[in-house]
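Below, subunit A partners subunit B and then partners subunit C, in two separate complexes.
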Partner chain A sequence: MANRLLEVEGLAKHFRGGGNWLTSGGDAIRAVDGVSFHVEAGETFALVGESGCGKTTVAKMILLLERPTRGSISFQGQDVSGFRGGGLREYKRMVQAVFQDPYSSLNPRMQVLDIIGEPLRVHQGLRGRTLRMRVGELLENVGLNPVTASFFPHQFSGGQRQRIAIARALALRPQLIVLDEPVSGLDVSIRAQILNLLVDLQRDLGLSYLLISHDLAIVEHMSHRVGVMYVGKMVELATRDEFYGNTLHPYSNALLASVPKPDPDIPMGTTIGGEVASPINPPSGCRFHTRCPIYLETSMCREVEPDWREILSEHLTACHKVEPAVV
Partner chain B sequence: MVNQNIEDDILLRVEGLKTYFFQRNAVLKAVDGVSFTVAQGEAVGLVGESGSGKTMTCLSLMRLVPQPGARIVEGEIWFKDENLLDITEHEMRAYRGHRMAIIMQDPQTSLNPVYSIGEQVAEPVRLHLKERGQQAMNRVLDALRAVRIPRPEQRLVQYPHQFSGGMRQRVVAAMGLTTQPELLIADEPTTSLDVTIQAQFLRLIRELQQDSGTSVIWVTHDLGIVAQMCDRVNVMYAGRIVESGRVRQIYKEPQHPYTRALLDSVPLMGARRDKLYQIDGQPPDLRSIPQGCPFWPRCPEAMDKCKEQYPPRTSLGGQDFVHCWLTEEGR
Partner chain C sequence: MANTTIQTAVPASAWLVRVRSSLSVARRVPKIPTAVLLVLMIFALFGQWIAPHSPVAVDMANSFAPPVWHEEGTANNLLGTDKLGRDILSRLIRGARVSLSLSLFVIGLGGGVGVALGLISGYAGGKVDAVMQRGIEVILAMPTILVALVFVFAVGRSFESVILILSPFLAARFARIVRGETLSVRERDFVAIAKVIGTPAWMILLRHILPNVFNTIIVLATLEVGHLILLESSLSFLGVGVPPPQPAWGLMVADGREFLTSAYWITLFPGLCILAAVLSLNLFGDWLRDTLDPRRRQL
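Up next is the complex of A and B:
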């Protein structure tokens, strides 16, 4: 318990939805609807799910870009919503982010020196030579030549831009980096470079990652623990080995089966029909029941929301059909 | 699924295709001497990173290269017994959308927002099959049913914004399939789809392919899709096919260092590695393709010879081949 760096408890975010400027608004969009997990020091926790499952909204709340409707986020045991002034600055220093698209996350009019140097100037008051030296150091850390500090983003390829974004995130020696689909915009050969870099940095600097991804192969490669979200809810959470070796929730199984395996001898698994349900009017009971392959016409799945239970040690899921192991 | 006896039923044969972009002070060789065949009912993958020329190859096949700017400068594209580069634009229209169709990456931009789905799917039917009224309508309904769109009669009158991404991609597929083309070109049609929706779409295309014997060219960078969907694969690098072979063969024994590196650099589910194999450097920049084999600056096994001369085609039996000095010298 002691090394819980970040703890998220019953987190929810409802957006005002529907309607137009005449009506007072339709039903709320329940983007995130009660999600709990924690990130330990030095580990990678992955949040997995399809578009609209709320994984990015969770990340935004952790980065204080959205205010939670309900629930709490604590960092090193302290409630983040209570941070003001210096405490808030300190939190923003320790939690950084790398986003999906390195084309829109870097200001095209700023030199690399200023992009990476800005947080150093603002938080640590570095100037002149010291600033340049620190930026050069950071560029070397991410495998770029320090001379490129005077370049502008357009002079770099996608992979190099993502390296710059990582250098910026590292500038203030953070403890947690939120990685929101960090390689999905990159070419295959460049993905490996960035993933290896992230793994090396984590080992060398003792970083924690919150990895947001839809790619289950990358998640298996990168993470220590995995949480699966579906329409605003967490449906399964386990250590990596447990998750990939002993998947419990039918949605997790469907996700795993849907990934085309790069081996012609492994046929494609049976996947599920239908589409991700809408967070505006989520299905009653278990939100997955409309697509669930093991859902039977029991009123249970349709009417009663399944409890979030620990089935095995450190392996939680929300499904009526999964029986807890006999202890 | 694999068609062994392919010599006699070749649908498409591309020979020495070159498509260049002409810029003010540079010529970008987007496609630089590509040759391959597609047999009837066969699914062929074109794999490569951005800038490898896979999309430009497909646009060349459809004779849809961006004008002005790009031009097919050389080569032959034989569709059965007709060279598509010899016929007039008017004659080409009989192929495009009729005998060969393309599904693009982004269903958002391949549908017109101001026409209903029914009108758009009916367009190739009216144009190519000259069908009207109830007859055309039935064909459209059949196409929408074939791509498993629920309640097609009601969906017909709706507009693209009323469809989800996965449904829109199905509509685009339906447009491509109404005329029952002999060749379907799928240019990364699933990149914008979620995994479960992608799996549905892949299954659908495979079923349609089996039912109607359509040949498919899959353009993708996803080696999983190639493994699941294709009989053969052509690996492209810097505008050329560097290796071509049957999928099983290539995944088991890749010959070209680039193919090997591609296969080793993707994380595989169930096969954990401490470190991913890393291809250093950047994908080739078409403005400055290195002399010799364009892969040599990134190749761990590059020799002096590689920097001087592009390796010749080394046959690996049947239609399989590779362009690499290592294999050429080794035999």
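Up next is the complex of A and C:
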């Protein structure tokens, strides 16, 4: 409770289905349907799930790129949707983002100086020599030569581009950085470098990260707490050690089991059967019951939506089959 | 990637890099098109001192004089004369000013407004976009020539009225195409990041979107110059273009049309001028597009 930097409460985003003013709209796509979590100061909170489960939509709402249908986002105890003028500027200074694709997130027409310098220009009005100096420092922070400030994005490799994107996110000394699949677009050999850079920066600058990923190995390496999403809902939330040591929800179990182990003698993990349920018409009851390995034709799972309960201390899940150990 | 040398290379000063790159850019200027455009520009600017004769001096005794390489041709009228005995060469030189400045003004005015509208329409989306696009469709649906006829009869025939009536049509074309490009660029991640940073919308438009739709604008502008010169000739032919004693290439082509079989030179030379201008502009535009694109420019 002490240091809640970002708090998300019952967040939902429904996109209106196809159709225009001539045809009646289709069913709403419930991309995110009631998600609650918080990010503490200085920690990494990981949001995990298969593609299409709404992770990125949550990130976009936090970054004010999408407007929530329901629910609230508070930053340092203040409701984000109420920010105007100076408050909004301050929020945009303190919350930055690094996206998945380093080829799309850097403007190909801008020099690195202008890319990293953009937040400094907008918020601090830096120009000329001071801007050049500051950008040079930032490039060094992320392990690039300051001379590269005059280069264009196409002159860098994917990993170097991602470093530039990180330098840009650091420019305003933010408190929270939303990392949306920060290494998925990179070669495996580069990933560790970027992840270690992020960890070092967090330690040195006291940053908080909201890490969005589908890669459980990366999440184990980086995060302090983990939240698992399935079709727009949070199904499990726990500290990292709790999550990896004492998984409660069958979906989380299945996700963990499907991670391949780097040992040829261990057989490939089991995979979950079936397709991710559609957010347009999510299954009734527990959304996972169509694929759940421990689902036994009980009407409970099929008809009643499971409550979001704290099973153990700081370990929440939404499953009928899991009995609370502490009440 | 080719940039693995970046870290190991001797750190050249940024100044040196810039000088070297601008030199290599200058080397690759397309020579012939640039020369043609320079000559036309000189004609347009200093035509009155270059042209051997007055472009409007009528000399009926000397009408339909053929170019110098024909038997009856004289060095006095190198490219011959038209039906009123006016010197073709002089008219071409002086006509460069009318044709080029008309195109430039219309591209500048119509294109500028069109780009601005297209950017705003594409970026704002929603109701703003819908209203603007319906307006543009109305303009695009109107027959240019007919509207121009009515407008010029109402306002009077002049250089300025031709510019004023052609600009909205050009603006509509630019706005439509720039809007489409804007729609695709605004979905790119760097625009989302700029919003996260809190970059004001005008800055996103000018620094992120405009440079990324610039290719299209350059190509469109160079294509439209040719289109405009031809449009001007149609208007002149119908009697609502640039007023007659002023020489304009399109007007000259139109004038010579009835004598194509007997005096081809009245039509051929202004036609060649239009061809040279349009072709050179297109080639120059290609070069400009490549040069402005950092990916194609090599250090």
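As a working rule, the second predicted complex is superposed on the first by the 320 of 327 C-alpha atoms of A that agree within 3 Å, B and C clash if a C-alpha of one lies under 4 Å from a C-alpha of the other, contacts with A are read in each partner's own complex, and residues count from 1 in each chain.
Methods note: a contact is a pair of C-beta atoms (placed from the backbone, for glycine too) under 8 Å apart; a residue touches a chain by one contact, two chains touch by 3 or more.
All values reported here derive from a predicted model rather than from experimental measurement.
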item	value
Superposed partners subunit B and subunit C on subunit A - clash or fit	fit
Touched partner set for A:152, first subunit B, second subunit C, both or neither	second
First (subunit B), second (subunit C), both or neither touched by A:259	first
Which superposed partner A:193 touches (first subunit B, second subunit C, both, neither)	first
Contacts of A:216 with subunit B and subunit C, given as first, second, both or neither	first
Which superposed partner A:109 touches (first subunit B, second subunit C, both, neither)	second
Touched partner set for A:273, first subunit B, second subunit C, both or neither	first
Where the C-alpha centre of subunit A sits as vertex, the angle toward subunit B and subunit C in the overlay (nearest 10 degrees)	80
Lowest C-alpha to C-alpha distance for subunit C against subunit B (Å)	5
Shared contact residues on subunit A - subunit B and subunit C	157, 160
Residue ranges of subunit A touching subunit C (in the complex, touch as defined)	63-65, 88-89, 92-93, 95-97, 99, 101, 104-110, 114, 118-119, 122-123, 145, 147-152, 154-157, 160, 165, 168, 172
List of subunit B residues in touch with subunit A within their complex	49-50, 164, 166-167, 194-200, 202-203, 221-229, 247-248, 251, 261-263, 265-270, 272-273, 275-280, 282-283, 298
Subunit C residues touching subunit A - in the complex, by the definition given at the top	1-4, 6-7, 11-12, 14, 17-18, 188-190, 192-200, 203, 207-208, 211-212, 214, 293-295, 299
Residue numbers on subunit A that touch subunit B, as the complex places them	50-51, 157, 159-160, 187-193, 195-196, 199, 214, 216-218, 220-222, 244, 254-268, 271-273, 275-276
